[in-house]
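There are two complexes below, and they share chain A, which is joined by chain B in the first and by chain C in the second.
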Partner chain A sequence: MKKIAFSIAKSRTKFLLLLFVVEMVVLSLISPYFFSINNLVQVTQFGAALTLLSLGESLVMIAGRDGIDISVGSAMSLSGVLFGLAVMNGCSIFTATVITLIGGILLGTVNGLLVAAAKVPALIATLGTQYIYGSLALYLTGGIPISGFPDSFKALSLESTFGIPNQILFVVVPVTFVVFILVYKMKFGRRVYLLGTNPEAAKYTGIREKQIRMCVYMLAGLLAAVSAIINNSWLMTARADAGSGMEMQAITVAVLGGIGVAGGVGHLGGVLIGVIIITMMNSGLQIANVNSIWQLATLGFILIIAIILNHMMERFVANVEKSRK
Partner chain B sequence: MSEEIILKAESISKSFGGVKALQNVSFELKRGEVLSVIGENGAGKSTLMKIIAGALKNDKGEIYFEGEKLSLKSPLDAVKKGISIVYQEPNIFADMSVLENIFMGNEVVSRNKTIQWTKMYEEAATALELVGLSGDILHLTMSELSIGNQQLVLIARGIYKKCKVLILDEPTSILSHNESEKLFEIIADLKSRGVSIMYISHRIPEILRISDHIIILRDGCLTGAAVPKEATEESIITAMSGRSINMSVYEERKQGEKDILEVKNLSYDPLFQDISFGVRPGQILGMYGLVGAGRSEIARAIFGETNAQSGQVLFEGEDITHMGINQAIEKRIFYVPEDRGAQGLFDIHPVRDNMSVSFLDGLSNKFGIINKKKEKQLVQENIEKYSIKTPNQDISVNSLSGGGQQKGLICRWLLEKPKVLILDEPTRGIDVMTKAEIHKYVIELAKEGVAVIVISSDLPEVMELSDDIITLYKGRITARFDREHVTEEDILKNALNLKEE
Partner chain C sequence: MKNKFRRIMAASLAAAMTISMLSGCGGTSNSTEEEKKEEKTETDGGGNAESSDKLKIAFVPQLIGIPYFTAMEEGGKKAAEDLGVEFLYTGATQASAAEQVKIMDSLIKQGVDAISLSVLDSSSTNPYIEKAQEAGIPVYTSDSDAPDSTREFYVAQALDEDLGRTLMDRLAAQIDGKGQIGIVSGESTATNLNTWISFMEEQQKEKYPDIEIVDIRYTQGGSSEQALKQAQELMTRYPDLKGLVAVASSTIPGVAQAVQQEGKAGQVKVIGYGSPATVKPFMDQGVMEESILWDAYELGYLTVWAGKMAAEGKEFEEVNEIEGISNPVKWDAEKKILLLGEPLIINKDNVDDFNF
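Entry: the complex of A and B
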C-alpha cells in the first residue's frame, strides 16, 4: 500500500490520473448520463481552446524568471475579433486565418519584447497588455459581437468526424503533437527547461535567454490566435470578451498539471490531464444541475486542494526517500 | 590561561546530501585560550564552526558548553549563551548605521518595546573601544567603512555582550597586513579578559604565532593536534594535506610559439584595469589573487559575458573584444564558472542534459531535433573517459557528490575539444581524490595543445599546475612569474600588494 502511495506521490501524472478517476466516479454517481462514451467525447470540445491556451501558458512558466502571461485571454479575444473583421471585410476563411495567426504572434512579440528586452516583470508587462488588448478588441467591435460567418465555417467546430469533434481531431491533437515535438524532441524545448531552472547557468552555457524568452511568448500568442479561431467557429460569432477569464483558467490548469511557478519544472502531459479534469468537472456540474455560479468556486477549490496535496506529497516523498537512505 | 574547559565537542558528524563534510570530530576549548582550526579549502572548518555557532545542526555527536549539553536552535540562541561568530565574508547591512549593525536582532528595548537609542549608543561605544575603534563612527553607514573596519565592527558585535567563545572564520583573508596586526592585538586583549577564541585560517605562520592549541582538519576528519612550540610549518602541512595521494602531476610539455589568446590593456572600471597578458597553446597560466581581485571578471570579459570598456582581446590574431558568449563558444573559448550551484549546474535535470547543453547544435539535425542516441553515446564516452561517478545518465545531477558535480561541470566543456579553457576555481569544495584527478585532466588537456587559464585562490593548486603565474591585486596585475623562479612568498606578497614593506 505504501509502495503504491509512494509511486503516485512521486509522479504527477499518476496523481492526476487518480484524481481524474475519482472525479469520473463522483460525477457518474451524481448523474447516470455522464459516463457515456458519447458524452465524454462531446465534452472534449469544451476544452479545446483551454488546451491550447494552457500549453502556451505552461511554456512561458517553464521558461522561468517568474514567467507568466496573463494576457492570453485578451490576446484570444483580440485575435478572434481580428478574424471576424477580416472575414467581414471580404477575406476568405483561409486568408483571415493567416492574418489572425500573424496577429497572434505579434501580440506575443509585444509581450516578449517587454519581458525579455525591456526587462519589465512578466506579471506587470502582461497585465498591461491584457488591458490594452482587451480595450483594442472592444474598440474594434464597438462592443457588438461580429456574426455572419459563412455557413461552411461551422465545419471547424460544430461538426464531427468519426464521432470526434473536428476542432479536436484536426486542430487540438495535431497542434499539441507539434508542441510536444518542439518541447520534448528539439533543442528548443531542452533550452526552455534549462533556462527556467537556472537562468544564470544557462547564460554561461551559451543559451540565448532573450531569444528563447521571445519565442515562448510568441508561441503563447500564436496558440491564443488558434484557440480564437476555433472559438469563433464554435460560437459562429467573434466577441470582444471571448477570452475573458481564460488566462486564469489556463494558469489554474498549468499549476494543477504540475508546472512550477518558479520555472523549469513540470510536464505538459500533466497539463493535458489537468485540462480534461477541469473540463469534465465543468460539464459534470452542468449535467448534475449545479447552478453555474458555483463553477468558478469549484475551480478555485480544486486548485487550492491540489496545491496542498502537492505539498503533502512532496513531504511524503522526501520522508520515504530519507528513511530509505 | 586556566585549565577550565569551556567548550567540548564529541564526535561531531555532518553530511550534505552524499558529501560527508565532517566525520567524528572532537576537540576541547579551554577558557581564555586561542584554539586554531586549520585545514585546506573544503576540509570542513567552516561547517564545524557553523555547527558550534548554531547556524547548522550536526547529524551526530554532542557539544558541551560549560559542562552542560548544548543544543542550539538558532545562531541567536548561541549568542545568548555566549558563543559569537564572525564570518569569513562580512555579513553586514551595508546601508544601515554601524550602531544598527551592532545591535541587529538584539536591540535594547524598554518595557513597552520601544528601542532605547541612548542606551544602545553608550553600550556600542564601549564595545567599539574593545576593538580599538572610536565611538564617532557609530552614525556612519557600514558601507562607509573599510573592509577591515567592518570586520572589527562585527567583532565588536560579537563581544559586546557576555561573550565567552568568539569564533573568527578566516578573518585575515580580506585584511591588509596592518589590519591583521591590529586584529592580533585585539585577540591578545580578549584572551587576557578570559574570552576563548576559535580561530580559523589556512595561513600557517599567523596560526603558529597566535594560537595556544591547533587542530587540523582534512576532508572532514581530525587529522592532528599540535602546540605551536612543537609544531613546524612542515608538520602542519603534512597533516593538512596528507599527501598520500600524489598531488604532483606537473609534466614538461611542448608549448606553442605564439600566443593564442592575447589580452591588451583590458579595463572595466572599477573591476579591473590595464590587464595585459598572453597565453600559448599547451600552456597553463595560473591567476592568483584574493576574492574581489577581479579574476573572474577578467575571465568573463574574455568569454564575452561582459565586454570591457577599453583594451583588446585577441584570439588567433583576431580582435574578439566585443563578442558575446556564443561567438566565444564557436571559437572554442570555454569558461567554467566558479560557483557550480548558481552559475553551473541545472540541479534537478539529468546528468545527460547538464553535460550536453553547450553542444546541442552539433547534436541536432537541421530541424533542431536532438539526436538522443548520439547525445547519450557522447555523454557516456565522457563519463567513462573522466570517470564521473554516476549510476546512469538519467539521474539528476544534484544527487552526485560535490566532486562528481564539479567533474560534470568541467567535462560539459570537453565534449568538444577546447582551444582556450578558462577554469574558475576548478576544485573548490571537493575531496582531494577528485581534485588530483581534475589536476591530471588539466595537464592532459595542455598536452593536447589546449591553452588553459586556471583561476584559483588555492595557492598549492596554482603553483602545482601553472607554467606561468599572474598575481592580481584590486583589479591590477602585480606580477608575472614563471614556474622555475617563483616562491610561495613571492606570490603572496604580490597578491596582497606588500611589496613596499
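Entry: the complex of A and C
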C-alpha cells in the first residue's frame, strides 16, 4: 500500500491515472448514460485533434529554453483551410492531404527558424506567427467556411471500424505510436530531453541544438496539419477559426500531463492521459446536461487542484526520503 | 526509532492521500451536484423531480447566454410544464458548429425522445442529424433550418420570404424608396441569414429600382466588433449611404454604434432582425426606428410542442390551435414547415411589451 502510494505520488502519469478513475466514478454517478464501453470508446473522437496538437506542444516544451508553441491552433486552422482550398480546386483527397502535410511542416519550419536561428524568444515568435497564420487563414477563406467535401471524406472522422472511430484507429493511434518510438526509442528523443534538461551540456556532447529545435517545431506543425484534416472530415467544413483556442487547450493538457514549462521534464504518456481526462470530462458533463458555462470552470478547477495535489504529494515524498537518509 | 518514524510517516501520507482524494473528489462532486440541482430546475418541466418517465424533448440553440435564446428557453420551459414533458435546453457559450455536434452526440447517447436544433452550419450538423435518426430519435430544426438535411420538419418563426420582404419594405419606407444601402450579416454559412438576404434582394429588384444594395459584409460568429468595423467601412466607402441592415441580431449593436459614432443617427437608417431588448437603447437614441422579429418566447413554446408531437409520432393538422400561442399555427406539409406566424414589427410603441 505504502509503495503504491509512493509511486503514485512520484509519477504524474500514475497520479493522473488515479484522477482518471476518480473522474470516471464521479461522472458515472452523475449520469447513468456515461459509463458504457461503447460511449467511452466513441467519446475519444472528440479528443482526436487535441491529442495530436498536445503531443507537438509537449515536445516543444520538453526541448526547453522556454519552448512553447502558441501558433499550433492557428497552424491547424491554416492547414485546414489549405486542405479545403486544395479539394475545392480539384485536388483529390490524397493530393490535398500531401499538400496540407507539407504546408504544416512549412508553418512549423517558420517557427523553428525564428526560434532556433533568429533566436527570437519562443513565446514572442509563436505569438507572432499565431496572428499571421490566423490572418492568412481568414484572408484565404474571406471568413467564409469552406464546405462541400465529397461524401466519401466522411469515412475519416464520421465513421467507425469495430466500434472505434476511424480517426482514432487509423490516425491518432498510429501517429502517437510513431511519435512515442521517435521520442522514447530513438536518439532524437534522448537529445530532445537532454536539450531541455541542460542545453549547455547538450552542446558539449555534440548535439546540434538548432537542428533538434527546428525538428521539434516542424513536428508540431506537421501534427497540427494532421489534426486539421481529421477536424475537416469531422465537421465536413474547413473553417478559418477551426483551431482558435486549441493552443491554450494543448498547453493546458501538456501542463496537466506533467510537462515542465522549463523543459526536460515530463512524459508524453501523462499528456495522453491528460487528454483523455479532459475529453471524458467534457463529454461526461455534457451527457449529464451540465450547463456548458460550468464546463470551462470545471476544467480550470481540475487543472489547479491536480497540480497542487501532485506538488504536495511530491514534496511529501521528497521529505520522507530525505529523512530516511 | 527509525522504524517508528517511518510508520508514522507512512500513516500520515496515507491520511494525506485519503484527504486529498476526498477533497479532490468531494470538490468535483460538490460542484457537480450544485450544477445538477441547477440543471434540474432548468430541465424539469416544473413537475416532480423524478421525471425519467416523461418524454424528453431537447433543443440545441446556436449559443446560450443571449436574451434571444433565453426567451426561447423560457417559452420551451412553459410548454414543458403545460404538456408534461421534460425540456432539455443545452447549448455552448460560443456559436460553434463543433460544439453543437458534441452536444447532439451526447443527446443521442442519453436517448432523448426528440432533438431540435437551430442550425449554424448544416454541413457539420447534417451527419449527426442522420446519426440521431439511425438511433430512432426524430430530429427537427427550429429557428434556423437545414433544408438539405434529413430533418423531419422545420419549426419556422415566420416565413423567410416574409421576413426578407418585410424588412426591405420597412427600410424602403424609411428612406423614401431610394438611395444606397449596405448589409452587414453574421456567419456567411448561416442559412437563415442568407435566405433573408436573398429575399431582401428580390424585393428590392421587384419593387424598389431606385434602391441600390452596395455590398454584403459578413462577420465571424456575428461578432459585434467586426460588425462595427464593417459598418464603419461601408459608411466611409459609400458616403451617401442611406441605410444599413444588420441581419444577425448580434450585429445590431455594432452597426448602430458605428452610425452613432459617425454622428449619422437618423441620416443612415439602421434596421435589422433584433430582439426588443437589443434594439431598445438604439431606438431611444434615435438610431433605429424599427426592428423585424418574431416572438422568441412563443417560438420556444412551439418547438417543444412540436417535439412532443414528433416523439409521439403524431401528424400536424393543417391549422393547429395551440394553447399558449396567440395565433393559429400553419403546417406546410409539402415543405415540412410548421409556421409560427407573420413577422412582428417592433417599434417605439411596442418595444417595452417583450422581455427578450
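Rule of thumb we're sticking to: the second predicted complex is superposed on the first by the 321 of 325 C-alpha atoms of A that agree within 3 Å, B and C clash if a C-alpha of one lies under 4 Å from a C-alpha of the other, contacts with A are read in each partner's own complex, and residues count from 1 in each chain.
Going forward, contacts are C-beta pairs under 8 Å (C-beta built on N, C-alpha and C of every residue); 3 or more make two chains touch, one makes a residue touch a chain.
Everything numeric here is computed off the predicted structure, so don't read it as measured data.
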Chain B versus chain C as contact partner of A:Val22, first or second or both or neither: second
Which superposed partner A:Ile124 touches (first chain B, second chain C, both, neither): neither
Touching partner for A:Ala318 - first (chain B), second (chain C), both, neither: neither
Touching partner for A:Val98 - first (chain B), second (chain C), both, neither: neither
Partner chain(s) touched by A:Lys187 [first = chain B, second = chain C, both, neither]: first
Which superposed partner A:Ile287 touches (first chain B, second chain C, both, neither): second
Of chain C and chain B, partner touching more chain A residues: C
Partner chain(s) touched by A:Val178 [first = chain B, second = chain C, both, neither]: neither
Partner chain(s) touched by A:Ile304 [first = chain B, second = chain C, both, neither]: neither
For the chain A and chain C complex, residues of the former touching the latter: 1-2, 5-6, 8-9, 18-19, 22-23, 25-26, 29-31, 33, 39, 42, 46, 138, 143-145, 147-149, 154, 158, 231, 234-237, 239-242, 282-283, 285-294, 296-298, 301-302, 305-306, 309, 312-313, 316-317, 320, 323-324
In the complex with chain B, residue positions of chain A that touch it: 181, 185-188, 190-191, 193-194, 197-198, 200-208, 264-265
Chain C residues within the chain A interface of the complex: 5-6, 9-10, 13-14, 16-17, 20-21, 23-25, 27-29, 31-32, 35-36, 38-39, 42-43, 64-65, 88, 90-93, 97-99, 101-103, 105-106, 109-111, 121, 123-124, 126-127, 187-189, 218-221
Partner chain A, residues of chain B touching it in the complex: 303, 305, 325-326, 329, 335, 337, 342-349, 353, 357-358, 360-361, 363-364, 367-370, 412
